[in-house]
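Both complexes shown next keep chain A, but they swap its partner, so chain B is in the first and chain C is in the second.
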Partner chain A sequence: MKKRKAFIIAFILPCVLSLLIMYLYPIVRTVIMSFFGIESVTSDISEWSFNGIDNYIKLFESPTFQRAMTNMLLIWLVGGIIVLAFALLFAVILTSGIRFKKFFRAAIYLPNIISAVALATMWIQYIYNQDYGMLNQILEALGLEGKRWLGTDMKFWSMLVAFSFGAVGYYMLIFISGIERIPEDLYEAATIDGANKIQQFGSLTLPLLRGIFKTNITFWSVNCITFFLWSKMFSPISTETSTIVPVVYLYDIVFGTQGNAQRDAGAGAAVGVTLAVFVAIIYFVMNKLLKDDDLEF
Partner chain B sequence: MSKKNKVVYKEKINWKKEASLLPGYLIVLIWIAFTAAFLIWILAASLSTSREIFSGAVFKFASGFHFDNYARAWQSSNVSVFFANSLLYSVVTCTVVVLIAAPAAYVLSRFGFVGNKPIRACLILAMSIPEVMIIMPIYSLTAQYHIRGRILLMVLYIFIRVPFTTTYLLNFFASLSKSYEEAAAIDGCTPAKTFWKIMLPLVQPALVTVTIFNFLSVWNEFFLALIFATSTDMAPVGVGLLQIVNGMKYTSDYGGLFAAVIIVFLPTFLLYIFLSEKIIAGVTGGGVKG
Partner chain C sequence: MKKKVLSVLLAAVMAMSLAACGSSGGGNSTDGSDDSSTGGGQYDGVELTYWSMWSNTEPQGKVLQEAVNAWMEETGANVTIEWKGRDIKNILASALESEEQIDLFEDGYERITSTYVKYVADLTAMAEEAGYADQSFAVFNDWATEQAGFLPCITEQPQVGGVFYNQDIFDDAGVDAPATWTEFLEVCQTLKDAGYAPMALDSTYAPFFFGYHLARYIGQDATSELAKSGGWSSNPLVAQAAQDMIDFVKAGYLVDGAPDEYPASQNKMALGDPQAAMVVCANYVTSEVNKTAGEELNWGLFNYPSVEGAADGVDQTAAYTGCNSIAITNYSENQQAAFDLALFITSGEYDQQMADTAGQIPADPSNTAPASQTGTVEALNAAQSSLVWNMGLNANADLTSSIQEVVVQLYEGQFATGEDFAAALDALY
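Let's look at the complex of A and B:
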């Protein structure tokens, strides 16, 4: 019996240690940090000064952070509608008995396995390029004038489109797995009852995909809350208000290398906690909704 | 016989049915054509001079194929360093993660003990914690003890992949029959030996899938590398590519830039060509984000 115990401990210990070092300790410390005034992230605990909830108040009053939150919400709402609409459209097309389904599916998912930095570079340096870029070439071929896609006024939307393009494939795969789980005989019964394809989609596929929608919305929300890379790529050297998001804001005030950015690790921790609370709320709400109508089929 | 009939039936093209699917084909084909068009353009641009790129003549190859773009990117733009770093990080992480996660997944799925359920719950919780919640204390802790460089990044990558890998493997161990262990115990095999010699080889397909996901994730990792790779010589491909892009306004070497993009893109793309079915099955089958 003792031997068995030693065996279990030896096997589980490295995993538990990694949880403690990588998650438990940092999370607890970040939460504590968010209530203290801390200038540099490397400051010793003796230099911390208790701030109460001042970090949070200052944060939500900061125009830059408000802008970052607005941008995040826009990405979530507009990007979410675009991405989930395209993902559902492709999922329905690919499950409609189309040929070369596996190839199409793999091709649409492809951007998800490419380094996002490489993908963003392709969009910025080619598709959106003002001189030789794909979009302006197409516009010129149609006799229209090229646009400055990366100008301040267009940049946010250009970023959103590029990001959404890469994201569609992932959500499409989840929709496909949901649609394929709907039993074929339900559709046969609907066909016998005289329902056409569009009626079948509206009153059969969509309601039965409710659970899948919730999964996708959860993943999408978490994805938007932790949005960072695309914003960094679209304004790589100095952060611009047009593309700023909360994680970029955190990065700037904690690790920022620019001379003018005021360092504030306490506020950075408050951003982290705020975002983690958002994630927790999303999971909680989605779980609650999911439990309310557990579908069996 | 019936199977053969089915195959013959399938091969016959039902034109009426295909015609009704035409809009679907069109939409998907336009999307894929767009993807293919810009990937091919970038491949062509990586073999052209900056002048050709700006004059919009990348497909003419008027001055031949410029493979020197690749040589330049590889050497003077340091892509060789970034590439070697990413390879090192990915290979070490994939190996060590399995050594930590597989034994843990095994005991969690096969043995009841105090803390089993809480550990499982913590693993799932850990997967949903945003990285911004953990980076600051780790940054100050490692700075305090002067832990830095490649070792630090590798340790972080290993730790961050443990929850996903353990949870993924758990279900596969749980599905194995108890009779393997019973037979091994009768033959006098210790539990540890039973695991390494019998149980681990049985979950090999799951190990392959989870390793592919870990590899892709580490190869494409950006956020941690941006914070913890403090110098060029320890940067992986993502951060390295950002440095090249930022240096563009001094070098204006567009051919070299696109060559660097292709070099970064190629390993995961090749992996995908051979393993796309397995990767796609893993995304939906795992039920958790990789």
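Let's look at the complex of A and C:
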């Protein structure tokens, strides 16, 4: 038995050590850093100065950080409704026995296998461009005036639509896997009882997808909180307020920007901790609101 | 038994994979060891590590590699170039703090004189001995020395800002480069009447354009102070500068669609219908537009026009200057060799090659600027005082993007008066 314990320890130790060094240490260090005034991420501890909760106060008083949080929440809420609604709609249609199901499934998922950089470039250059972009060409063909899709008032929404377009397929696949898990005989029984397709969707499909909804909303939330690339693509040279999100704000204050080399790793750590708290809140709220399936099928 | 053998084999494979991962090191690097000379060179046996902000597929990277190879051949030293790309700014500070093996590195001189200044060598004595002042632009050396307290870097790729224009369009419209804002507006009207769009503007460069204009009225220091603390409405010259821009936009001097998404508007200098005649930017805009056009435009440059009614003591000839530079770490054991290499790259044959290949200003004033950089060397030589990027509008790190948005809105025509613009800026504080 003793020998066996030694074996277990020998096998577990590398994994535990790796977790402690590579996962727990950075987390603990980041949390501690968020209470200090630190210029560089790797500054020696002797150069840190204790700030208490000043970093957090400074963050929440910053109009740029407030805007970044507002943008993130809008992406989460508005984008979430659009993406999950379309994903569910497509999932239901594709599992209803339509022809060319595999083709449509692949086509809707396709944006997920294209690099987000290429996808964003396509939207910016070929769809939103004022002179030869698709949207303004369509408006002009209809005799309407073209819009400045990437102007300060429209840029956020343009980015959100482009991002949502690429995200639908991923969540659709998760919904499809959930719908296909529901036994066919439940639908047959419902049909015999006289339920039409809409009633079946409302009374059978939706309740039985509760667990899948929880998964999708959690994934979507994490995706929104770590939103970075699309924001960078829509403001490629200097960060713009219309597209700023907390991770971009963090990046700018930790590494400095063009024309301003100031850095504040302590405030950056505070942004990281704030975002982690958001993830935890969303996780607990989701667990409270959407309990795990108590139905077995 | 079989299982034991299999376990041993798997363990061996795993150990080898880990070892392989560990030995890959910097990854994207070029080691010059195979090219080292036959011996007897000045720096035989000296090993240098060079962190570059370029990639080895870019024109700058290719010329740099050629220069380093030639220097190794000449001196017998061995130089390893680590191609870090533009994200070098994200990793350099940590690498310097931990005294990673770096002898030379490249980055913008603003960061070298602030972020990395604790880790760079004082080059003053070596520069004096080598007569570096004669091989470089004083404007960069003076600024860097003023910021750092010593000469911290060697200029590699100079930049200068101003109004870059298409000389052919100016000739066609019969106008000359203006010197004052009033003359500038007359030029714009003449260009418009001749069927051209006077000015291209991408939103990313809107603060550069307005920053220039505001700095002409109140100076860069006052702009920085306003950016940091607010109070824009309390200075009537801010509203005056904004009003000038409102009138400029209303007069229809911006090309259709401006302020546009980079680089759509500047590309209209090559492809626009009507073609745009001017752009306020730094000198690299000419190479970018040439690349889009697929041919060389006939470029010219004039300093940003002076304005009337400016605050006392504001230098009306100040120009944006900036540069990528080479710095040497203060913990390098081969600082003299590193300095000689930096000088070899930034002067003479390879500096000329860098300027010609990458379409940029030579670091050595005795070299010749390529056609796309016409007027830039003269502008640098004439620059009495330097302006930083966006002329102080970026001084508040937290509000930079918010200020930029308000400035872009100015060019979008969202403010009726200059006072509205100043009030919108004050609302950010």
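Methods note: the second predicted complex is superposed on the first by the 264 of 297 C-alpha atoms of A that agree within 3 Å, B and C clash if a C-alpha of one lies under 4 Å from a C-alpha of the other, contacts with A are read in each partner's own complex, and residues count from 1 in each chain.
The criterion applied here is as follows: a residue touches a chain if its C-beta (ideal position, glycine included) is under 8 Å from a C-beta of that chain, and two chains touch if they have at least 3 such contacts.
Everything numeric here is computed off the predicted structure, so don't read it as measured data.
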Checklist entry - Is this a clash or a fit when chain B and chain C both end up on chain A? => result clash
Checklist entry - Which partner does A:Leu150 reach: the first (chain B), the second (chain C), both, or neither? => result second
Checklist entry - A:Gly97 contacts which: chain B (first), chain C (second), both, neither? => result first
Checklist entry - Just chain B (first), just chain C (second), both, or neither: which does A:Thr191 touch? => result neither
Checklist entry - Once the shared chain is lined up, is A:Gln199 touching chain B (first), chain C (second), both, or neither of them? => result neither
Checklist entry - A:Thr70 contacts which: chain B (first), chain C (second), both, neither? => result neither
Next on the checklist: Touch test for A:Thr239: chain B only (first), chain C only (second), both, or neither?
Outcome noted: second
Next on the checklist: Output check: A:Ile108 vs chain B and chain C. Expected answer is one of first, second, both, neither. What do you get?
Outcome noted: first
Next on the checklist: Of the two partners chain B and chain C, which one touches more residues belonging to chain A?
Outcome noted: B
Next on the checklist: Between chain B and chain C, whom does A:Asp252 touch in the aligned arrangement: first, second, both, or neither?
Outcome noted: second
Checklist entry - Does chain B (first) or chain C (second) touch A:Asn287, or do both, or does neither? => result neither
Item to check | Superposed model, chain B segment overlapping chain C, candidates 5-13, 185-193 or 203-211 | outcome: 185-193
Checklist entry - Between chain B and chain C, which residues of chain A are contacted by each of them? => result 41-43, 124, 131, 236-237, 255
Checklist entry - If you look only at chain C, which of its residues touch chain A in the complex? => result 89-90, 93-94, 97-98, 110-111, 114-115, 203-204, 207, 256-257, 260-262, 264, 388-390, 394-395, 397-402, 404-405, 408-409, 412, 414, 428
Item to check | Parts of chain B lying in touch with chain A, wherever the complex brings them together | outcome: 17-18, 21, 24-25, 27-28, 31-32, 35-39, 41-42, 45, 53-56, 99-101, 103-104, 106-108, 111, 113, 119, 122-123, 126, 128-141, 143-144, 156, 158-160, 162-163, 166, 190-192, 195, 216, 219-220, 222-223, 226-227, 237-239, 241-242, 245-246, 254, 257-258, 261, 264-265, 268-269, 271-272, 276-277, 279-280, 283-284, 289
Checklist outcome for this item: Note: in the complex, chain A contacts chain C through residues 40-44, 62-65, 67, 124, 128-131, 148, 150-152, 235-242, 244, 252-253, 255-264
Item to check | In the complex, chain A residues that touch chain B | outcome: 4-5, 7-8, 10-12, 14-16, 18-19, 21-23, 25-27, 29-30, 33, 41-43, 89-90, 93-94, 96-99, 102, 104-111, 113-118, 121-122, 124-127, 131-132, 134, 137, 170, 173-174, 176-177, 219, 222, 225-226, 228-229, 232-233, 236-237, 247, 250-251, 254-255, 265, 268-269, 271-273, 275-276, 279, 283
